[in-house]
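Both complexes below contain subunit A, partnered by subunit B and then by subunit C.
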Partner chain A sequence: MSTIGESSNPLSRFMSDESNAINASSGPERSHVGEVVESSTTELVAEARQLHGAPSFGQFVRVDSEVPIVGIVFNVFTHSIEPNRRPTAYGKTEDELRLEQPQIFELLRTEFQALVIGYLDEMGPVQILPPQPARIHSFVHVCSEDQIRAFTHTDDYMRCILNTVKVPTDELLIAALRQTMRAHGGDRAYLVRMGKELSRLLGDDYDRLSSIVRRAAY
Partner chain B sequence: MLVPRRKRHGIGRGRSRVLRKAVGGKKGAMLDLFAVKNQIDEMVADECRAQEDFREKLEMAVQAYRGWQADWQTLAEKIARSRTSWLMPGIVEGLDVTPTCLQRPEKISIAATDGSQIFPDRHEISSCFLINIGYILLHYGTGEKPLMSSKPTLYYREEEIFEEWDGRRVFVNRELVGTKRGLMEFSELAALSLAAQEAGHSVLACSDGTLIQWSLEGKPHDFKDYVLGETMRDFDALEKAGLPVCGYISHPGSQDVINALKLGLCPQDTADCDRCPWRPENQLGCSSEEKEVLQAQLWNGRVPCSPLDGISDAVLMRQILKPGQRSPVFRSSSKILESYGRHWIHFFYVHVGQEIGRVEVPEWVAQDESMLELVHACICDQAEKGQGYPVALSEAHERAVVRSADRESFYRFLRDTYVKNDMRAHISTKSFKKRHVGI
Partner chain C sequence: MAKRENGTGVYKSLRGQEIGVITRGSLVEGLEMKLDARQNIEDMKAGKFVVIEGDKNDFFSMVTDMRLDANNQEVLLHPPRQEDELLRQVLSGTSTYNIVSLRPMLMMPKGADGDEGPRPVKAIPSHFSQVQDAMEEDVAKIFGREGDEQGKYFSIGSPLDMDTPVCIDMVRFAERSNGIFGKTGTGKSFLTRLALCGLIHFDKAVNLIFDMHNEYGFKAMKETGQSNSTFVKGLKQLFGERVAIFSLDPQSTRARGVQPDHEVYISYDQVTVDDVATLQDELKLNPTAVESAYLVYAIYKDRWLRTLLAQEGPDVEEFAKEIGAHPGSLVALHRKLKRLENFPFMVQKGHEDGDVVDRIMEYLDRGINVVLEFGQQTSMLCYLLVANIISRRIHEMYVKKSERFYSTQKPEDQPRQLMITIEEAHKFLNPSAAKQTIFGTIAREMRKYYVSLLVVDQRPSGIDDEVLSQIGTRITALLNDEKDIQAVLTGVSGTDGLRSVLASLDSKQQALVIGHAVPMPVVIKTREYGAQFYRDMGCLDDVPPAERRAQVEKKTNALYGDN
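Let's turn to the complex of A and B:
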């Protein structure tokens, strides 16, 4: 079925279905930043919609699924899409490369991994792992400040991060804290509450606590 | 240094049992590599000897080329009146020009296509075949997103897998599929570049390989007419749109220019290879004095033009051209070009840095100085960007290529679909035996 956009572009016949679909979905109503390509109960991998266009480390994301799933980005990586070809150095700036070697940007892909920390149901945020993982090809959105505020009202997200072994725990905690503080408008009472919760979670590891607090407040 | 466990089992002292079996020359080994090794040694030794001879020949070729530069018209006239058994180039630009490539226009789009296929296999569950075309459109100087895609087409209908040429109905073979693929590559290249021009780009169309349909010589007339008709239709459209097109041949083995120099070596004023007086079979009526004279003109006991045997144009041009320079334009004399009309293929060699490439263009590009300069500049630029080979062509290949793993997946997918639809999925016994060899 041809759309208006397709018939007006003489080149559309030669484009891949994928890029035609992306062109068709480039309207403002599609605000996703990525699409899930690997999914499990505890974490997911998503392909960024644009090269270098992944959400930042520590950002809260929401996956459009049967039950919307909430996660925190803990790893972003860009790589070649073809296993037997790897990027080589050209000695040119990115702008020069875009003008003179435009094909290389078609051969790279940005992906990001997110730690699943809960989901949303009719009642609001639920701070436990979802009953089913996100479906492959679901769209990933960046959480709005309201959603972050609602989700970080309690300290459960911090516990979730601290209990995960394969992520850079402290760094992720700091990045997430900075996000939540912005969402809470730098509310001092919230900050103090989170500090107390964190000190409880870290037990008597004072050095670690002070390092996290100092860097989160930077 | 730590060596990964896997590597330690490679060819070397610690050969695995499996590998020892394969190269051990035991009864039953599939390819006896030890036996081949001896033959490879002999081959390389022979080639080493030939190389010394080759340097001398090459020196002669360079001297002959330079010798004709000032007086190329004489050679051109000799070519015109002689009858040789080899392809002779038409010298249209002299021999003494070696233009250096100009700066590529800042904004230009390069279109390229390439094709690949899964050949029909009557031992498989279906005799269908597949052609995959890779499309590349790279826009330079604008930062615009390039087009890089591929489209597969499956052929399975009765009229697609059986063709009738010259009154004979044949099952499509590799050759026919290859020709069909070549045709599609070119017609899709024309369509892609014309569409890009329509979208407002200034375009150069690059085809992978020759623009001369050599393989049609000796084919049934109606088949030849069909293929040429399609090709000419695309050339017509490109010419009408003023859209330059070229074919790039990497590592060319052609000897057109060398053939002209060989003719130059012939002592006869008008050469006729069929009646070559130096060949013993043509000396039947000669007196012994005449034979002696002819004998004295031989080169190492062979006909006078033989010193240049085995040298290709590319090897010669490597000595003549500097990086970025191109040879003069020559007119190809392939017989099939008689059907090309005003699209008669011309060619030149170009030193792209890593190698000498051969670039073919239709007559209307060869005669238009600005188009010719554009082709020359863009090919050099493309090769520089692609570390020696035009980047648009190598990307088109990457898009088109169907690797053996893809072929396996294709047939697995086909089998699964047959089974899902309750269709009998039957492969030949031969094919079955190849996969499940008993003892």
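Let's turn to the complex of A and C:
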């Protein structure tokens, strides 16, 4: 059913992470956007391959792990690689800085956090937390529209987002909904369906529902 | 995903689209359905016919009420703005939802064949049973199909929003008194004409119609709401020799281009005191007047009225003393009965054609339906008098015939079922008159003597409760007055829902049918009374010549064999 299952599953199952990594780096295209540097069952932190190159807030990402894990980006941050050193303000544009002080960009890292919302098994997407967290150094890819469509056919991902305390729930929901809307070809009927589910999930909170729906459709 | 799709794809419905699920309810109060969010509440009209699919039974139900509901007061306090279409869509079916009240009317075990027909509801379906639009087969299963081998089903219309014919069982219809009610201008005459056509066409009863407004015999005007009124065919045109027109006012009948089969004259000797008693309201008689009339009758018997009216003004007092009546009272009676002399059809002696009632009886015996036209004589007094006199005599004859049949028990002695159609029935059947007029007796005695009534009225609340409760089938067009609605539903169980249905009918071409001849109450869009109907009734006048010839030939062959 899902393209992820077909393309990545058979290979990743029989290859170690290392060979996978070599393959990816030495292959003709390096499609990953980041690499897992911190991992738990419910969320993971990945370092972006390029500075400022993290997937956007609310984007669906897939981690090539033993079981491919699906998450939603809920936080992106750029900081110095040395914990004790903060970047200082130079009063110059980025282009000028790149000419005059190219080294400072090497000292910066962009990282992003993703909320784990499910994984892919042989049958297709499953909206259940994976049995094992993603492995460190696994590559993170941005989900294709097909994958998003397959994964968001049902509304369970919204429940996952709503149940998480650490994230800006409403904003994340809106961003995720806008993502999925796009994947579903801007289908208004889909948004209405999700809105209805959301209304059920939010129960009595009509203000919140109307704000989310209005902003998601904006 | 795939699993889920398989999971949800399992249920398949034999009927149309699911329109909702049952969420609550009781046997006594009816059921509530949550309308599917995809459905538009405006499609749920009161009186709509739906089917609830239970686990073991199908429940045939009628939509009786709808309600807008919300789970959250917030939504109602801050409704989505007009331009916020999306939010409204999201809310509809979730936070704001529609509840439709259903009244289960009949249940039928699933997979039952024809013999195991629909039964009264004794159970209710479980939670979340699906509700669907009724299909053609459902309607046919319940109401039968026209053209069955016994020829007892007659289609009078179709359910709301459906094209399937709803049939009434003409055998059951004929065996009890029936009522056709509705405000003026709601199509009572058309409904009556339809019902009469059914009775005549399927030959389930012979009819005597007191046609006050000359609507049934020969063409009648159709109210189109525009200036160009059109005419529709009357019974005589549709059924030819099976209908005879009697006229009280032959001149008027002829002026409308119709030759009456018989002219009606009534001699004073045919008027009994009881007949006068029923005119109490119309003539404003006081109770003593009737007693005085009895005194006259005691002496002069049948000639009482002739004798009384023969007295001139001052002689009446003298006459009163002679017979021992109160002079004032008798003078008043005399004065008021003088009005009868103005009727051109009142004659001193029996007409040379013989007694009109015998004539009518003769026709009825031969199975010919009689339409009695009143022509210009449209006063209520005249209608009451004539209808009463004739019906009384005919009823007497029927009683004799029935008694003979009971004693001989020979099938050939069995009288033909007679149905008497009366308009403005509340005049005959109001609580005081119902005890005196013959119609009250007929309505109560019902089929014992093979005579029943077809009561046509716009004010059913004026009819005696006792009579109303005996009415078998009620065909009711729009009624607004609460009392009238109450009256029509007298003697019908589970009427709560029907009340709202009745008050929300269209003012044209819609009727609620309840009672003996239909298995469940149903709102119908009445059958089109036009060319197709004429053809269905076997009238070939409007059929193109070629087709007509072919039909006649076919029937000739059927009759005489093909050679």
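Here is the rule we go by: the second predicted complex is superposed on the first by the 191 of 218 C-alpha atoms of A that agree within 3 Å, B and C clash if a C-alpha of one lies under 4 Å from a C-alpha of the other, contacts with A are read in each partner's own complex, and residues count from 1 in each chain.
Keep this in mind: contacts are C-beta pairs under 8 Å (C-beta built on N, C-alpha and C of every residue); 3 or more make two chains touch, one makes a residue touch a chain.
For clarity, every value in this text was computed on a predicted model and none was experimentally measured.
Engineer: What is the contact status of A:Gln101 with respect to subunit B (first) and subunit C (second): first, second, both, or neither?
Structural biologist: A:Gln101 sits against subunit B, while subunit C stays out of touch.
Engineer: Mind working out whether A:Arg214 is in touch with subunit B, subunit C, both or neither, as first, second, both or neither?
Structural biologist: second
Engineer: Is A:Ser199 touching anything from subunit B or subunit C once the two structures are fitted on A? First, second, both or neither.
Structural biologist: In the superposed model, A:Ser199 contacts subunit C only, not subunit B.
Engineer: Under the stated touch criterion, which partner chain does A:Thr93 make contact with: subunit B (first), subunit C (second), both, or neither?
Structural biologist: So A:Thr93 meets neither subunit B nor subunit C here.
Engineer: Once the shared chain is lined up, is A:Asn163 touching subunit B (first), subunit C (second), both, or neither of them?
Structural biologist: neither
Engineer: Write out the stretch or stretches of subunit C touching subunit A in their complex.
Structural biologist: 1-4, 37, 71-72, 74-75, 78, 80, 84, 86-87, 89-91, 93-95
Engineer: Mind listing the subunit A positions that touch subunit B in their complex?
Structural biologist: Contact set of subunit A toward subunit B: 9-11, 13-16, 19, 82, 85, 95, 98-103, 105-106.
Engineer: For subunit B, which residues count as touching subunit A in their complex?
Structural biologist: Interface residues on subunit B, with respect to subunit A: 135-151, 191-192, 195-196, 198-199, 385, 391, 395, 398.
Engineer: Quick one: which bits of subunit A touch subunit C in the complex? Just the residue numbers, please.
Structural biologist: 1, 123-125, 150, 153-154, 188, 191-192, 195-196, 198-200, 204, 206-207, 209-210, 213-214, 217
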